[in-house]
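Across the two complexes that follow, subunit A remains constant while its partner is subunit B and subsequently subunit C.
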Partner chain A sequence: MAVIENNLEAYPVSPHANRGGLKAGQSRMGLLLLLPAAIAFSAVILYPFLSALGLSLFEFTVEMMEPRYIGFENFAKIASDPDVWAAFWTTAIYVTLTTLGTLVAGLGWALIMNQPFAGRGVLRSLSLLPWVLPSTVSAFVWGWIFNARYGVLNAFLMELGLIDFPQAWLSTPQGAMLAVVLTKVWLSIPLFMSFFLAGLQNLDKEQIDAARVDGAGNFAVLRDHILPHLRPVLIIVVVLGVIGNLQQFDTVYALTGGGPVRATTVLSVEVYRRAFEQWDIGYASAVGVLWVASLLPPAFLYLRMLVKGN
Partner chain B sequence: MNSITRLIGTAAIALALGPGAVKAADLSFMSFTYAEEANKAIVQGVLDDFQKTDKLTVEPLGFAWGDMQKNIFLRARSKTLPDIAQLSERWLPTFASLDNLVDLNTVYGKDKLEAAFAPDALAMGDINGKQLAVPLLSGSIGMVANKEVLAKAGINEAPKTVDDFKKALVAVRDKVPNSVPYTMATKNNGSILIDFMVWNWVHGGRIIDDAGKVVVDSQQSRDALNFMVSLMKDRLAAPEIDRPDSRRLMGQGASAFYLDAPQTRTFLRDFSGKGEAFDANVLPMPTPVLKAGDKPVSVQWGHLLVQFAAGGKAKADDPADKFLTYLLSDKVQTDLPLKMSALPVTKSAREAVASDAYLKNWSAATGDARRNEVGIWSNAAELTQIIGEEVQGALLGQKSTDDAVKSMQARLTTSMEKAKKSE
Partner chain C sequence: MFDLSSRSAKIVFFAALAVIGFFLFFPLYWLVISSLKANAELYQVVPTPFPTVPSLEHFIRALTTGKLPMYLMNSLITSTCSAALVTLLALYAGFSFAKYRYIGRQPVMLFMLSAQMFPFGLLLISIYPLMSELNLLDTRPGLILSYIVFALPVSTYMLYSYFSQVPDELIDAARADGASDLRIFHTIVIPISIPPIVTVFLYSFMWSWNDLLYSMTLIVSEDKRTIGPGLLLTYLNEVNSDWGGAMAASLIASAPIVAAFMFLQRYFIQGVTAGAVK
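Up next is the complex of A and B:
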């Protein structure tokens, strides 16, 4: 048996070999592959964010040619601005309702789509339709559904005899909030359903059969077996849902424009209005910074779960 | 040649040709009319004719009316402003501080401009003695009625007073099923502002006086808002109505009255699907007055043209200025405004189209055309939002008229003080 020489210097090394060995070469390659994404991230996310962070310390309105440094004055103004606090509150309501709504609807739909029945494949494919449609298009479609004069919703409810006159859904605070929440729930169901469906397909069928043999009803099976099994998926879906709904702008703006009055003015709409309707760039940046700050806890939770391998 | 070499070669050619392609046009023209389906062909015709006449090419940049201010503002920040831009008259004060805006008195001479333009039209582009814009179209925002709907409701003549107006609305509501008698703007702050401003004037009120003092907290303004709220309560107006909705409902014979600019005839031709045959139904009428003998009011309206150039300096023989000169020539002014159902802005063109029946009727109905008392301030966008929100709150029953007026006064005052400090 040949004896392996322990002295590595004794072995010849190719002049083309990577310095630092295979691992270091892979790292360099990894960094190189990461570079385009890092450049894009820096250009479209990091730079605008840092720029907004800087602008939040300036007064910069349409009347001014150059921004004026004012320190934390914008943040002090926000503290006493009822409109911004109202936007935070509206955002909280919107995020809670859309996340809960999508959770319930997505899970319910996933449970149905997990049952064996004829045409299940087609229906599963069709269920992805809201995901495929651009969200602004969906918002306009829902706008027509809720339209006071021509809306399908009014026609349907009048046909059922539930209302006597067409209702102006988008002209009441509650109706407008309901409309933006329903639209977002409808748009998000496919994503949530896909997560839940993947989770359900890993569920041990024998466990369910055994529970049924023991006399468990549908609700007991859901409570004691399905939901505990889906717990990791549920947590991920809730965190992603909260992040996505906190960022939501297009459906709300296209459907209600933040109105009536300010009933659906979530933080994203507030920032947009301040920046691009009133051109108060400094103040809008300050509100935007706080908005990003509100995104940090769920984002941190999500990243922590990713790192932990959940 | 391998595929990577080919790719690099293609990229190099594209890079070399790219800037050339961008520079292909002699000037750029940002226009909201160009983005309107009903009017795009009209503007394109003007651009084509200009190219034939002056051998200069124009790159048209069409943006929706609602997106124009945002685009100009963003382009100003990124230093990619167009050479010429079309503005609504109420936007000019907002952009007056941009240092690339050309004072057209320095290009054409004040005397020459005054000799060519009708004074009311030229005044729309004047900010503190500088001619920061020249008018393209002019007119007023006043009341329009649908004769066919009025006939169905048994109304033989346009109502003259507010009381007559309300009676006419009740008749339309009762006799024309599924109609919105008066399509008052109840959404979109910019549209709500116009309706409130007009009814406030009708009731003798003001929002902001000429010195910039907010004066909306008055009995007259309360009366105006109460009047608007009463229209909602009596189902004479409806929620979720913006100006485009008004035009569509009028075009479909489902509305009798609304406030709009003379250009409305072009939209109605399009939205009714009847083309010029619908013109017979369009009746420009004086805005009803509070009591007989009062002078009807309307809002000055127009489209302006501004020029952007480095340092705000330009010469009459620059391509952009040749284009401006062309747009204001008799050839264009006796044609384009008529096609868009608006008044020309030059003296000679106004004389040439004086016999146009529609424009004649519109002018006769104009009455006292007042300057938009909100649009003239640099913080007009914020003022418009405040007024829109407060009026909408009252119209939709979310707050009393008294609360809305008080809140409007307080918020507008804060905004005006902030704007004065920033100047």
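Up next is the complex of A and C:
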């Protein structure tokens, strides 16, 4: 690659050159470069989003040729629909458990992976694997572990004497919830760990050494230095985690299909079923709109942090 | 970081390492081990910790008798095209956000990023009729276009934050030479941005490769089906559950993405965590 001289004075300035650089008054070029992405964004993200918002005000089922405007009737129906309320409640449990679980395990693992020991590099690389596996694969792996007849979990717990006979985990509401939560925690740990490790990189080691000289133990260092330092990363990880977990569909659908009965029917599964199994598009959109509403608080926090970051 | 000279500290540290490590790695170990067990050994109430007679029967069956190779090829085509498309779009948009000033720049950028909160499932409700109207339902181009949803916002942001660090002087100098903006971008900025470009490509490739929801809904014909729904429908359906085949096929389907990721993980992590950590 040619060596590029950074010093502007080294170049004779052509009379046509804009000395102000790219930033000055070049809105046309900027908008032009943005245009392709803006068109794509509008077509597959913005338009579908607005269209779904609009559809929530229509009745549109599989027997109908045209959607029929019904105002807020879908929302009135939702208010008295125990299934939708149950889906909200299930989602709340799922999001809370997955986010907390990943937070604890991800932070713990990042702290461990930040400690120098033999074989750490290999472990760190390997621990990223759950993140990149296709979601169907993750569901297979955990479905097999939780399998009622041949699952290793049953064998393991029986060996330890914790259960007397094999449990049909995925056929009980709690067991199925445990399975979908563990699957999601498992595949999110690498992402959380990466964020925490990045945050730990610029930790002030001298400050910690000084605290140690003053007699601070491991726990005091963690509480007074490491955790306060990680606070901004912690917040972003929780917000991103909540946004991601609120949306999770693939592993839940592949593992339990939302069952048994409706025990693991989170909002993503609920909306999918209403839309693409019952073809009740208007109603599904209305549930989806409320789903977006539940995403607004974390999304707002996330955006605020990005604005501050800029 | 921690002082592990004392015995109790060592115990706590390695106990935590063992517990979380077991949780992370045992499922992977079990995936590999189970794929290598012949059916007689696989379907035992008390499983063996490793295959007594390792067998490649599941792998051979997955690659020769099933439709897995076709699903893999379909995934490869759709994921590569959609990743290339996302990368191309994000390149110009990211550069525009980073190096130009115009009215509405920041609101537009933030709005694009906030699209992360539009649930993919909700967007799909309207993408489906859209694709149907464009006659793109059950076609690869339709799926490729729909996959933009997953990765375009974050990819744009990742490239934006990289391009913001490219010194303005570098660009100004080339400008002073009389080079056009596009020329500067293509011949100066892109060549020094290969790592983030590869990251973005891999990031969006991963989203498409791992997808189940969109492919399951937008593709009906079996000959265009990708690995997500392909695996699910082939190995665990109402009629039979072939766990050995599922494990072997899972490994085969994961191999390309794992290989690419392992090779590029350093850039990848930098890219994904960019902006969050100052």
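Methods note: the second predicted complex is superposed on the first by the 282 of 310 C-alpha atoms of A that agree within 3 Å, B and C clash if a C-alpha of one lies under 4 Å from a C-alpha of the other, contacts with A are read in each partner's own complex, and residues count from 1 in each chain.
By our rule, contacts are C-beta pairs under 8 Å (C-beta built on N, C-alpha and C of every residue); 3 or more make two chains touch, one makes a residue touch a chain.
Since the structure is predicted, the reported quantities are computational estimates derived from the model, not experimental observations.
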I'd like to know which partner A:Thr172 touches here: subunit B for first, subunit C for second, both or neither. first
Please indicate which partner A:Lys308 is in contact with in the superposed arrangement: first for subunit B, second for subunit C, both, or neither. neither
In the superposed arrangement, does A:Phe276 touch subunit B (first), subunit C (second), both or neither? both
Is A:Gly259 in contact with subunit B, with subunit C, with both, or with neither (first, second, both, neither)? first
When the two structures are laid over each other on chain A, which of subunit B and subunit C touches more residues of subunit A? C
In the superposed arrangement, which partner chain does A:Met65 touch: subunit B (first), subunit C (second), both, or neither? first
Touched partner set for A:Asn147, first subunit B, second subunit C, both or neither: both
Once the complexes are superposed, what residues of subunit A are shared between the subunit B interface and the subunit C interface? 147, 149, 276
What part of subunit B is in contact with subunit A in the complex they form? 70, 73-74, 94-95, 97, 99, 180, 186-188, 238-240, 378-379, 381-382, 385, 389, 392-393, 396, 398, 419, 422-423
Subunit A partner, complex, touching residues on subunit C are 1-4, 9, 13, 16-17, 20-21, 23-25, 27-28, 30-31, 34, 42-47, 85, 88-90, 92-93, 95-97, 99-103, 105-106, 108, 110, 112-128, 130, 145-146, 148-149, 152-153, 156, 167-178, 181, 185, 188, 191-192, 206, 209-213, 217, 227-229, 231-232, 235-236, 243, 246-247, 250, 253-254, 257-258, 261-262, 265, 269-270, 272-273, 275-278
Contact footprint of subunit B on subunit A as seen in their complex: 59, 61-65, 147-149, 168, 170-173, 257, 259-262, 273, 276-280
So in the complex, the part of subunit A that touches subunit C is made up of which residues? 1, 4-8, 10-14, 16-19, 21-24, 26-27, 29-34, 36-38, 40-41, 43-49, 51-52, 55, 105, 108-109, 111-112, 114-115, 123, 125-130, 132-137, 139-145, 147, 149-150, 152, 155, 166, 186, 189, 191, 194-195, 197-203, 208, 212, 217-218, 221-222, 226, 232-233, 236-237, 240, 243, 246-247, 249-250, 253-254, 267-268, 271-272, 275-276, 281, 284-285, 288-289, 291-292, 295-296, 298-299, 302-303, 306-307, 309-310
